[in-house]
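What follows is a pair of complexes built around subunit A, which joins subunit B in one and subunit C in the other.
Now for the complex of A and B:
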């Protein structure tokens, strides 16, 4: 069947592209992260996936910038190796805005690796000794950020804290999509069973629920590994983690219920009823309750969906095929389960 | 649907309870024992713990009060009702009765618990509203689950495992609302939570009306 082949192709594509495409270059941290106005200071930049030593006709440029109009270019810099760069800044005596301190963003532009950005890299505090003139120092506007290079080729965005684990987006997130699709299919066949009590409808409902549970069992640990890496611990009582665990409990209870009756028809009917009931109570679980509590998940405040601002076009090119691939794969597993159960029931003479 | 038969059905529930007084006495004793056990185990508790323990007492008392809804009458008598009454009215009568029962039990639990462990409630009106909403939500969900569990052999275990996951959104919202009533979190926009709770209740009761006829017919 064409869609089975497609699912395999898409999953192989997901694994290859998801694992092999490099990250964009980024800045991990700066040292020191504090500076005083009017000082002359050397700041060390630690890059990630940067190629400072890669020779090119246009040189590397380094800025600390405050906003669109206020930027400070490094007066001089020295490349120590591919990922460490020391830049010298002559900080003006005046801050770009009349404040006690401002946070400056770091920007390194490289002709090959493209522009790398670190928000709030350096805190610049005002210096009362050097406050002479009240106007803006022209040093802030002399070297604006312009003509940035864009990295050529296929790459995933660099994000601090997440780093390479951004690839988990193609494995962890699709599991929940597939789970929801499979549970929806399961409920559909439960409704069909109540309308028309054929054993086939019950078999399908059970098989889709089982496969959905399998994907839940895969989505939970992949999320926990990711959480261990980014949030520090595998289980942080995040509301979405709790709700997921509860959703899985519901479907485990569904299987207990199915087996609790001596008569096949009674068990199938009551399990179908419970399936519909619990699926409908899953909707508040997944959509209402997570909005009420703070969550560590992306897009948490008010919107439990995956934030579209977190995906760039390169990630979309892997993420959407991943969802389609895993979904087709899930339905394939469910189909095998249905066919197995059909043969099993036939052998026992139940059907 | 003949709405007039709702009142005889409701009356039947009260008469049944009155005839089997040991059952309701058992539940009331259960609430008092549980309050006492919780008190002995924790003595003086901080308001956040008080809040959680109170709702746990109410949760377990509710499950035990509702689980008997469908098992206290014999199968033949259920067959008799099946021929007389509309299943929707029958389950509605049970839900209304259970709401009332749970309201009484929660009030008793609140009285007994605040007697021994102190009463940290700041906003009494909101707390009363939360208890009312809680009784409603618990009654709807547990009555429906009890009707499923009653068909199985090990109904007590089944009742617990089927209802806990389903009740969780309601319970979380209740605990959150009552911590507002206790002054633990400052949130003036709790109206949204109340609407959420009512929305969940509406979904559950609509599902009960649609699905109960399928449980009922045997």
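Now for the complex of A and C:
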């Protein structure tokens, strides 16, 4: 069948593109992360996937910036290697805003690797000794952040803490999409069974629910592995973690219900009704409740989970094929399960 | 008997695959966090693959049983 071949092609594409496409360059940290107004200080920048030594006509530019209008350019800098750069800053005596301290974002613009940003990289505290000059120092506005370069070529966004594990978007997240599609097919055949009680409809409903549960059972631990290395612990009672666990338990009960009747038709009928109720609870558990509370998952507190912050266009070019590929693969496994059950029922004389 | 042997071999391979990261972690305590946490992705892909293989093995064993049953009839 063509769609089985397509599922394999898409999954291979997902694994290759998902693993081989590089991340954009970023700044991991700065040392020291504190500075005092009026000081003359050298700050070391640690880059990720940066090519500071790559030669180019346009120079590398380094800023510590406060907002759109206030940016402090490095007076001088020295490239130690491809990922480490030391920049000198002459901090003005006055902060850009009348405050005890401000947090400055680090920005390095490279003609090849593009612009790399680290929010809240350096805390600049005010200096009571440098009084007198009340006006804003022109150093804050002399070198505005402009004409930034964009990395050419296909690359995934760089995010601190997440780093390369952003690629899990193509493996962990599709599991939940496959689960949703398989459970939708399952409830469809449950409705069909109630309208027309043929064993074939019941077989399909059960097989789709079982393979859907398989993908849920893969989605949960893969999420826990990812959580361990980004949120710090595998299970943090995050609202989405809890709700998916509840949804999987509801579907687990579907199979217990199916097997707890001696009479086949009675069990199949009740299971079909139960399946409709579990599907009706699945949607709020997975897609509505987690958005109403604070969650570590993207998409909490009312935002769509796949806004431009979490998924840019290069990621979409891998993510959507991943969804289609894994879904077709899930239906393939479900089909094998249905075909097995059909043989089994025939052998036992149930059909 | 044959099925019994293949099950031991499969279990052994699964255990090996799962324990491999742990073995590496012994020598380098930040195995999962080094090189930009890429090994987290490797672990996730490995787990998905092993999960699907586990399901297919289960299905195959059911089929073998069914084949034996229908042969007897």
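Here is the rule we go by: the second predicted complex is superposed on the first by the 339 of 351 C-alpha atoms of A that agree within 3 Å, B and C clash if a C-alpha of one lies under 4 Å from a C-alpha of the other, contacts with A are read in each partner's own complex, and residues count from 1 in each chain.
Here is the rule we use: a residue touches a chain if its C-beta (ideal position, glycine included) is under 8 Å from a C-beta of that chain, and two chains touch if they have at least 3 such contacts.
The structure presented is a predicted model; accordingly, all values stated were derived computationally and were not measured.
Visitor: Based on the shared subunit A superposition, would you classify subunit B and subunit C as clashing or fitting together?
Guide: fit
Visitor: Just to be sure I read the superposition right, which of the two partners does A:59 touch: subunit B = first, subunit C = second, or both, or neither?
Guide: After superposition on chain A, A:59 lies in contact with neither partner.
Visitor: From the overlay on chain A, compute the angle at subunit A's CA centre subtended by subunit B and subunit C, rounding to the nearest 10 degrees.
Guide: Placing subunit A at the corner, the angle measures out to 80 degrees.
Visitor: Please work out whether A:278 is in contact with subunit B alone, subunit C alone, both, or neither, and reply first, second, both or neither.
Guide: A:278 sits against subunit B, while subunit C stays out of touch.
Visitor: Determine, under the contact definition given at the top, whether A:119 touches first (subunit B), second (subunit C), both, or neither.
Guide: It touches nothing on subunit B or subunit C.
Visitor: Looking at the overlay, what does A:167 touch: subunit B (first), subunit C (second), both, or neither?
Guide: After superposing on A, A:167 lies in contact with subunit C but is clear of subunit B.
Visitor: Which partner does A:32 reach: the first (subunit B), the second (subunit C), both, or neither?
Guide: Touch status of A:32: no partner.
Visitor: Look across subunit B and subunit C in the superposition and give the shortest C-alpha distance you find, in Å.
Guide: Minimum over all C-alpha pairs of subunit B and subunit C: 24 Å.
Visitor: Of all the subunit A residues, which ones make contact with subunit B and with subunit C?
Guide: none
Visitor: Which part of subunit B faces subunit A closely enough to touch in the complex?
Guide: Result: residues 141, 144, 148, 151-154, 158, 161-162, 164-166, 168-169, 172-173, 176, 193, 196, 199-200, 203-204, 207, 211, 214-215, 218 of subunit B touch subunit A.
Visitor: If we count contacts the way the header does, which residues on subunit C are in touch with subunit A in the complex?
Guide: Of all residues in subunit C, those touching subunit A are 32-33, 35-38, 40-41, 43-45, 47-48, 51-52, 55-56, 59, 62-63, 66, 69-70, 73.
Visitor: If we count contacts the way the header does, which residues on subunit A are in touch with subunit B in the complex?
Guide: Per the stated touch rule, the residues are 194, 246-247, 249-250, 252-253, 256-257, 260-261, 266, 269-270, 272-274, 276-278, 280-281, 283-285, 288-289, 292-293.
Visitor: Taking the touch rule as given, give the residues of subunit A at its contact with subunit C in the complex, in rising order.
Guide: So the residues of subunit A touching subunit C come out as 15, 18-19, 23, 48, 162-165, 167-168, 171-172, 175, 211, 214, 217-218, 221-222, 225-226, 228-230, 333, 336-337, 340, 343-344, 347.
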